[in-house]
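The data blocks that follow each hold one structure.
Below are two complexes that have subunit A in common, paired first with subunit B and then with subunit C.
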Partner chain A sequence: MDVLILCAKTAVACLLIVAGGAKLSDPASFASTARLFLPFRVAWPLLSAIAVGVSLGELAVGLASLTLPAITALNALVFAIACAFVGVSALGYAFHRGRSCRCFGALSQREFDAASVLRSAVTAGIAAVALAHVGAAAALQLDATARVLLLAAAGLLALAAFTAAKARGTDSEPEPEVAS
Partner chain B sequence: MLLASSFVAVALVLCVVTALALFGVTHVSMSGAEAIERDGLAPGILAPVWSLADSTGKVVCSPPRTPLQLIMFTDHSLKAFPSVADGLREVMAQERLEIVVLTRRRNELAEPVLRSIGLDGISVLTGSPSLYASYNVRVTPFAIFVDSAGRVRASSLVNHAWQVTKLLQLADLPLEQENLAPRGRFWRRTAGAGA
Partner chain C sequence: MKIPLYLAVAQWTLLFAFGLLLIVVYRQLGRILHKTDTAAPLGPAVGSNAASLEYSRFADDTVQYLTPGDGQPTLLAFVEPTCLSCEKLVLALGEAEHAGELSGLRVLLLTSSPKSYLKVSDAFRATRLECGRILAQATTQAYGATSTPLLVAIDRDGVVRAAAPAIQLAEVRTFGRACLLPPAAGESIPITATAPRYENDLEAATPAAGAD
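Now for the complex of A and B:
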């Protein structure tokens, strides 16, 4: 059972790291998705800042969840984020069906549809499994070496997601400049 | 302690496997035919600036002094595409157009072979892999039209004569917003080139 919980915790943490790293490679496109959910007009720089903030937030929570497993509050935070994903997917399905969600930047071309709501729900379910870890938290105190190793692996994962999204996505293609 | 070790092991394995999977998927997606279709530069973008001398010492610049410059990314292998050579001969009579052949690296065969297939008067320039990369060109023969302002007017892989002439027509289109690649994704105006 413990192994299942550990797998659930690491899986969601990795998912957050990949999502954050991939989004950071193309904040502009994620900003355009974020704009869909704002009921009022927001200046583009602010939208970009929101997009970068969300991406960095995902990345930070993923890194923290992976390297500080003994902090049980992080499990609750990850679960809350996963629930927010469900909410965003449901809203996207209701109001912006067929639009690209950019949840993983350019890594995925998935759209807001019923399947995206289901995927988010599954993610939330896995995060909920990780919540069960609370009782064994004290046994998850890591030494410095383990933390450094995990941080390096998480950094590698974030870099891989960033690079893959950059290579596959729009930023790898030249942005046209309007002739004056 | 056992639990912590298990957690570290699971997390390390998952991170490394996911990272490797990301690299693998990206490698596959970048080497497919669809990826090659996205090669080249979008119309309107500023092309690399360079100045190279051909074997006669003639210095060729990009952006060109002529209104339009056709940069052919190829070498002696162009002989295998006689239709492309036909297309080049068809458009090379135009005074407003400067045609240059840019090889990926030093290629002693390129110039004599190109001369032998009737492409006289075209400067053959020795480029570099990095110059090819800056034009986002991987597969040859590839054609990119650049105007005197240094902006890309059209680009595509070319396999046939009609593609060269079609690209020239596209290059003549004004650089209005609707002729530029849309913001975000670059869908090049293609001349229908195949791999």
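Now for the complex of A and C:
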């Protein structure tokens, strides 16, 4: 059971890292998606800053969740973010069906549809599994070296996601124009 | 040393994530390469004026300057000694030349490889056709010779009459006839490419002028 919980925890953390890294490769296109959910007109620089902020936030939470497994509050935060994903997917499905969600930057061309809501719900479900208590406390005890190595690997993963999204973005379809 | 369970799980998860990203990048790379391969037009546009070119003639190691439109129809073959399809084309050209089917034409084999490379191919070593090395990358760009073999038929006015990959004798004959089409007749001979596009990147392999 512990393995299942830890798998869920690391999987969601990796998902956040990849999503954050990929989004950072093209903040402009994610900003155009973010704009869809803002009820008021926002200046382009602010919109861009929001997009970068969300991407960095995802990345930071993913890195923290992966490298600091003993902090259980992070599991709750990850679960809350996953629930937010469900909300965004549901809103996107309701009001912006067919628009690209750019959840993974250029890595994914998925759109807001019923499947995206389902995927988000599955992610939230996995994050909920990670909330469960791990029986063996020693399993979560990492020394400094292990943490640094995990952080390095996670950073590398973010970089790989960034690069892959950048490569995919080179010939992807242009996003709709964003009014400033 | 006992590894904490979390570390082991995290390692495998990270490995899995890296694997997924590797697949994404690999697929994208294939897509980009495929686009590069097919997007560029092969050969000059039919009806356009053929570009002048410089080449180093292997027979006497002299630099030759070819000006299409000097009154002599020209059949240019962009080939590489390391390309199997090119060997077939060279053999077909030799056969057509031997049978007198290319009389009145200037037939020229152009390659980006140095002279020493000719020995790797029996067909290239034995051919009696004029063969030379392209001296400027601009030549391959002007002729759109992004892959080999490429046959270009130029009439006596320097107008490209046909350009396509070719390896068979029948195709060589067709190209030969295309070279001799009357000027401004507006005719064209349909050319069906049968040769596979060889992976040899002639353009990339072309050296700077004067290099060997």
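Methods note: the second predicted complex is superposed on the first by the 162 of 180 C-alpha atoms of A that agree within 3 Å, B and C clash if a C-alpha of one lies under 4 Å from a C-alpha of the other, contacts with A are read in each partner's own complex, and residues count from 1 in each chain.
Heads up, the rule we're going with is that contacts are C-beta pairs under 8 Å (C-beta built on N, C-alpha and C of every residue); 3 or more make two chains touch, one makes a residue touch a chain.
Please read these numbers as outputs of a predicted model, since none were measured by experiment.
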item: First, second, both or neither for A:Ser29, with subunit B first and subunit C second; value: first
item: Contacts of A:Pro69 with subunit B and subunit C, given as first, second, both or neither; value: both
item: Of subunit C and subunit B, partner touching more subunit A residues; value: B
item: Overlap of the subunit B and subunit C footprints on subunit A, listed as residue numbers; value: 2-3, 6-7, 10-11, 13-14, 17-18, 66, 69, 107, 136, 139-142, 146, 150, 153-154, 156-157, 160-161, 163-164, 167-168, 170
item: For the subunit C and subunit A complex, residues of the former touching the latter; value: 4-7, 9-11, 13-14, 16-18, 21-22, 24-25, 28-29, 31-32, 35
item: Subunit C-touching residues of subunit A, taken from the complex the two chains share; value: 2-3, 6-7, 10-11, 13-14, 17-18, 66, 69, 107, 136, 138-142, 146, 150, 153-154, 156-157, 160-161, 163-164, 167-168, 170-171
item: Subunit B-facing residues of subunit A, complex; value: 2-3, 6-7, 9-11, 13-14, 17-18, 28-29, 32, 66, 69, 107, 136, 139-142, 146, 149-150, 153-154, 156-157, 159-161, 163-164, 167-168, 170, 173-179
item: Residues on subunit B engaged by subunit A in the complex (per definition of touch); value: 1, 3-4, 6-8, 10-12, 14-16, 18-20, 22-23, 25-26, 29-30, 38, 41-46, 136, 149, 151, 175, 177, 180-181, 183-186
